[in-house]
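Letters A, B, C, D and E name the chains as they come in the text, with residue numbers starting at 1 for each one.
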C-alpha cells in the first residue's frame, strides 16, 4: 500500500466518522451562517454588503471553523486512545497528517460552499468574476488546512490545548487571511489581475506549509 | 448542606478545574481578542471604531465564547464519566445546573473584562458612561449564561452535539444579543436612558431563563 | 463512620435505548449485605446498575430508592484536571460529610504520595484505587460497583475484598457486577444472574 | 494467514515524563512466543509496552523493532462514530491485508450481530472483544496487549487464551501485561517482572 | 567526556569577555547616539530613539532566524544543545521585539501623534510578537523534554516565515512607517554618514548583548536539564 493510498484511507475514515457524527462540519456551517446573519442583522445590511467586509467576515469565520473542525477531529481520536492505534501502524504518522489535512480541506470546502452561497444571497453581494471567486476560495481553503492541522498536532494532549491552538494558529494565519480577503474582494468586484495575484500568494502559502508539514510534523504526533 | 452551598461547591470545583486547565477561558479571551484585532485589520480601523459595530462584534464573540466554555466544561465532565458521579449525588442535578451557570457567568465576566478593555483601547472607542457600560456588560453576561447552559444540557451526549448547541443557542440568543449591543452602544455614546432601558430588558431575560432553567432543566441531565 | 440504612429496588423495569430493549421487566430488591451480579458480556449488568442509580430512564416500571448511594462504573468517574484528593474532598463535602476521612482513605489505598497529582496522570490501576477510596471516604448506605476489580493488582484486589467485607459488616448494601473473583459468591453473598436483559435468578 | 517474523527490543531505555523517571535503564528483548509482564499498579508496565511500541520517546537508550506490530492498551482504541466492522476493516486495509478476515474475526469473538453498531454503543466487554478481534484480523509479527482480560466474561477470557496460544503457535511474539490469569505464566511462557520502573527479572 | 566538556568549558571561558565587550560597546554606542550624532533637521532630537528601535528590531530578526536554525538542528540531530539555543534565542527575540514595539510607540507619539495605529509594519510586528509569545507558551505548557523540544522546533521552523513578511510589509499600500532606509535593495543607505556610523555601532553593541545573553541563557538551560536529571537519579543525556 502506497503512502498516498494510506492518506486517502485515513481521510475517508475521517470523513465517514464526520458524516456519522457531523460535529465539526455542522458546527462550522452554523458558525459561518450565524456570523453572517448576526453581522448583517446587528451591523446593518448596507455595511455588511461591502465586498471587503463580507469577505473578511467570511474568512475569519472559516478560520475559526477550521480550528473547531480540526480540534474536534483529533479529540475524537483521543476518546478511546484511538490515535495510538493509528500511530503505531507502519507509516501511520505520515498518513495521519496527510489524511487529516485532506479531510479538513474537504470539510472546509463544504463549509465554504454553504457559507459562501449564504453570504452571496443574504448580503446580496456583487459577483463579477465567479470563476475567480471559486479559485480564491479553493486556494484559501487549501492554504488554511495544513497550518491548522500542524497547530493542533503541536498542542495535542497538552493542558489548555483548546486555548493554545487559536493562539498559535491565528497569528500564523493572518497573512493567509489577509490575502484571501483581498483576493475574494477583488474577484467579487471584478479585478481579475488582483484576484489572480492573491491566488498565487495563497498557492505559495499552501505549498510551503504543506511541504513543511509533511516533512517535519509527523514526528511530533504522539 | 443547603442547595445554595452545593451550587457554590460545584461552581468552585468547576472554576478550579478551569484554572488548572484554562481551556475555556483562555480560548474565549483569545477568541474575543483575535476577532477584535482581525476585524479592525481587515475591515479597517475607522469602520471597526463605530460604537455599534464594535459592540456587536464584542457580543457575538462573547456568545461564541460562552458556547465554547460551556461545552468544554461539560466535555471535561464526560471524560471519565465524571458527570454520572455528580448526578447520582443527592441534589446533584440542581447543584450541577446552578454551579455551571455560576461558573460560566464568572468565566464570561473575566472574558468580557479582557475583551472589553481590549476593544476600548485598541479601537479607541468613546466611553461616555462607564458605569452604564459595566452594568450592561454584567447584565448581558448574566442573561447569556443560563440559556447557553440549558442548550448544552439539552444536547448532552447526543451525536453531533458540537453542532447542535450553536444551532439551538444562537437563535434563542438573538434578542439578548441585540439588546446587549444596543445597550452597550448607547452607554458608549452617552445615551443613559436607552442604556438603562436595554439593561432592564437584559435583566428580564436573565430572570426568565434563570428561573425556567432551575425549575425544568435539571431533570434533563443524564 | 455512621452509615444510613438505604436500599433500592426496581419493579418490572424495562429500559429501551435506541429502540432496543436492554432490560426487560426486571424486578430486583437490594438490601443490606453483598449482592453479586453475574452475566455474560452485553447481558445488561451495567444498565441494571445505572437503572438502580437512577441514571437511565425507565421505559416502563418503577424505581424506588432511599438514602444516599455511591456508584462507580466501568470508568473511574473522577474529574480530570483535579487531583485525587480534590476529587474525593469535593464528593465528601457535597454529601456534608467532613472531609478529614479523605487523606486516610487515599493512604489506605496506597496513594498517599500520589494524592496531589492530576488524576489523568495516574496509571490505570492507581486511578481505579483513587475512585475506590471513595468507598471509605463516603459513608453511603448503598454502594454500586461495576467491574471494580479491573486493572487492580493483587494487593489492591484484596484491599477491595476487605473494603467490601467491612461495608457489609457496617450494614451497607453493596452490589458488585463483575466477571472476576468467583470466591465472592461464597460467604452468604446473594447471587443475581442476568442474561440478555432478563434476570436468571429471581 | 502469513505472519512476518518480528521482534522488538529496548536497550538501557529510560523514560521521563513530567520530569519524573518512569522507566529506568530497561533492557529487554522480545522474541517469538509469549512473554508475560507482571508488576504492581504503577510499576511501569503500560509505559514499557508503549516504549516498545514506539509511543513514548526515550530520554536515553535505544529501541529497535522489525516488522509490524499490534498494540492494544487499557482502552480499546477504536474510533467512536464508526462501527466495529469499519474500524477493523480500516486497520486491515491500512496494513495492506485483505479485509475479508474481518467478518470472521468478529464472528469468532461473538460480535456478528453487533458488528454494525457504532462502537460507543457497545458494552464494555463487547468493545474489548471488538478490539481483540484485531488479533485475528491483522497478522502482525508482534502483539502487545495491556490488561486484555479486563471486562471480558469467562467465554471471552478462554477465547483470548486460545487466540494467544494460536498466535504463539504461528511464531508471533506476544507480550501481555496483566494482573489476572496467573496460569498464563505456565507452559513455557517467559515471565518478566517490573517494579518501580525497573525490571526485576532480567 | 571530552565531548561533553569542550564546548561548555569554552563557553565558560569566553562569557566574561563577551560581557565586557558588550558593556564597553554599549557605552560607546550610548555616547555616540546621545551626544555625537547630529540632531535631525526635521524631527529634532526625538529621532535618537532610532538607535534603540532599529537595532532592537534587527536583532529580533536575527534571534528568530537563530531559533529557526537551532530548531532545524534539533530536528536533525536531537542534541539538547540545539533546544537550549532555540529557547534562549526565542526569549531574547521576544524581549527585543517588545523593545522595538515600545520604542516605536514612544517614537510614534511625537512624530505621528498617536501611540499606535493600524498600519502593516506595526501590525505585522505585533503579530510576530504574539507568535513568539505563543512559542514560549507552548514550551511552558509541555513538560516533557523531548516532546517539548520537537513540538517547539516545528513551530520555530514555521514561524520564521513571518520575519520576511514584517520586513516587506512597508512595501504594501498606505504605509505610514519608514520605508527601508538602510537595508535597501540596490542603492546605498539614504542616511547621513555620521548617523549611519552611530547606527552601525549601536547594532554592533546590540549584537554583543545578544551574544552575551545567549551564552548565559543556554548555560542556564543546560544546567537546569542536568539538575532535573540528577534529582531524578538518572544518568543525564548526552550533550554535544
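The rule is simple: contacts are C-beta pairs under 8 Å (C-beta built on N, C-alpha and C of every residue); 3 or more make two chains touch, one makes a residue touch a chain.
Given the structure is predicted, the values throughout are model-derived calculations rather than measurements.
Student: Moving only from a chain to one it touches, give the least number of moves from subunit B to subunit D.
Tutor: Counted as steps through touching chains, the separation is 2.
Student: Please give the intersection of the contact partners of subunit B with those of subunit E.
Tutor: Both subunit B and subunit E are touched by A, going by the contact rule given at the top.
Student: Kindly list the shared contact partners of subunit C and subunit D, in label order.
Tutor: For subunit C paired with subunit D, there are no chains in contact with each.
Student: Could you work out which chain's C-alpha centre is the most distant one from the centre of subunit D?
Tutor: Looking at centroid distances, E is the chain farthest away.
Student: Which chain has the mean of its C-alpha atoms lying nearest to the mean of all protein C-alpha atoms shown?
Tutor: A
Student: Which two chains does the highest number of contacting C-beta pairs join?
Tutor: Counting C-beta pairs in contact per chain pair, the top pair is A-B.
Student: In angstrom, rounded to a whole number, how far apart do the mean CA points of subunit D and subunit E lie?
Tutor: So the centroids are 49 Å from each other.
Student: Roughly how many whole angstrom separate the Cα centroids of subunit A and subunit D?
Tutor: 36
Student: Could you put a whole-Å number on the gap between the CA centroids of subunit A and subunit B?
Tutor: Centre-to-centre distance between subunit A and subunit B: 26 Å.
Student: Specify, in ascending order, the residues of subunit C that touch 2 or more different other chains.
Tutor: Residues 74, 81 of subunit C touch two or more partner chains.
Student: Give me the residue numbers in subunit A that touch at least two other chains, ranges are fine.
Tutor: Residues 20-21, 159-160, 167, 174, 222 of subunit A touch two or more partner chains.
Student: Where does subunit E touch two or more other chains at once, residue-wise?
Tutor: Residues 147, 150 of subunit E each touch two or more of the other chains.
Student: For the complex, which residues does subunit B have touching subunit C?
Tutor: Going through subunit B, the ones touching subunit C are 1, 6, 9-10, 13, 16-17, 20-21, 76-77, 79-82, 84-85, 87-90, 92, 95, 222.
Student: Mind pulling up the subunit D residues that touch subunit C in the complex?
Tutor: Where subunit D meets subunit C, its residues are 17-18, 39-42, 46, 74, 110, 114, 121-126, 129, 147, 150-157, 179-180.
Student: Could you list, by residue number, the parts of subunit A that touch subunit E in their complex?
Tutor: Residue positions touching the partner: 147, 150, 154-155, 158-160, 164, 167-168, 171-172, 174-175, 208-209, 212, 216-217, 219-220, 222.
Student: Give the list of subunit B residues in touch with subunit A in this complex.
Tutor: 20-27, 30-31, 34-35, 38-39, 41-44, 47, 52-53, 56, 59-60, 64, 68, 72, 75, 159-164, 166-167, 170, 174, 177-178, 181
Student: How about subunit D: which of its residues touch subunit E in the complex?
Tutor: 14, 16-21, 24-25, 57, 59-60
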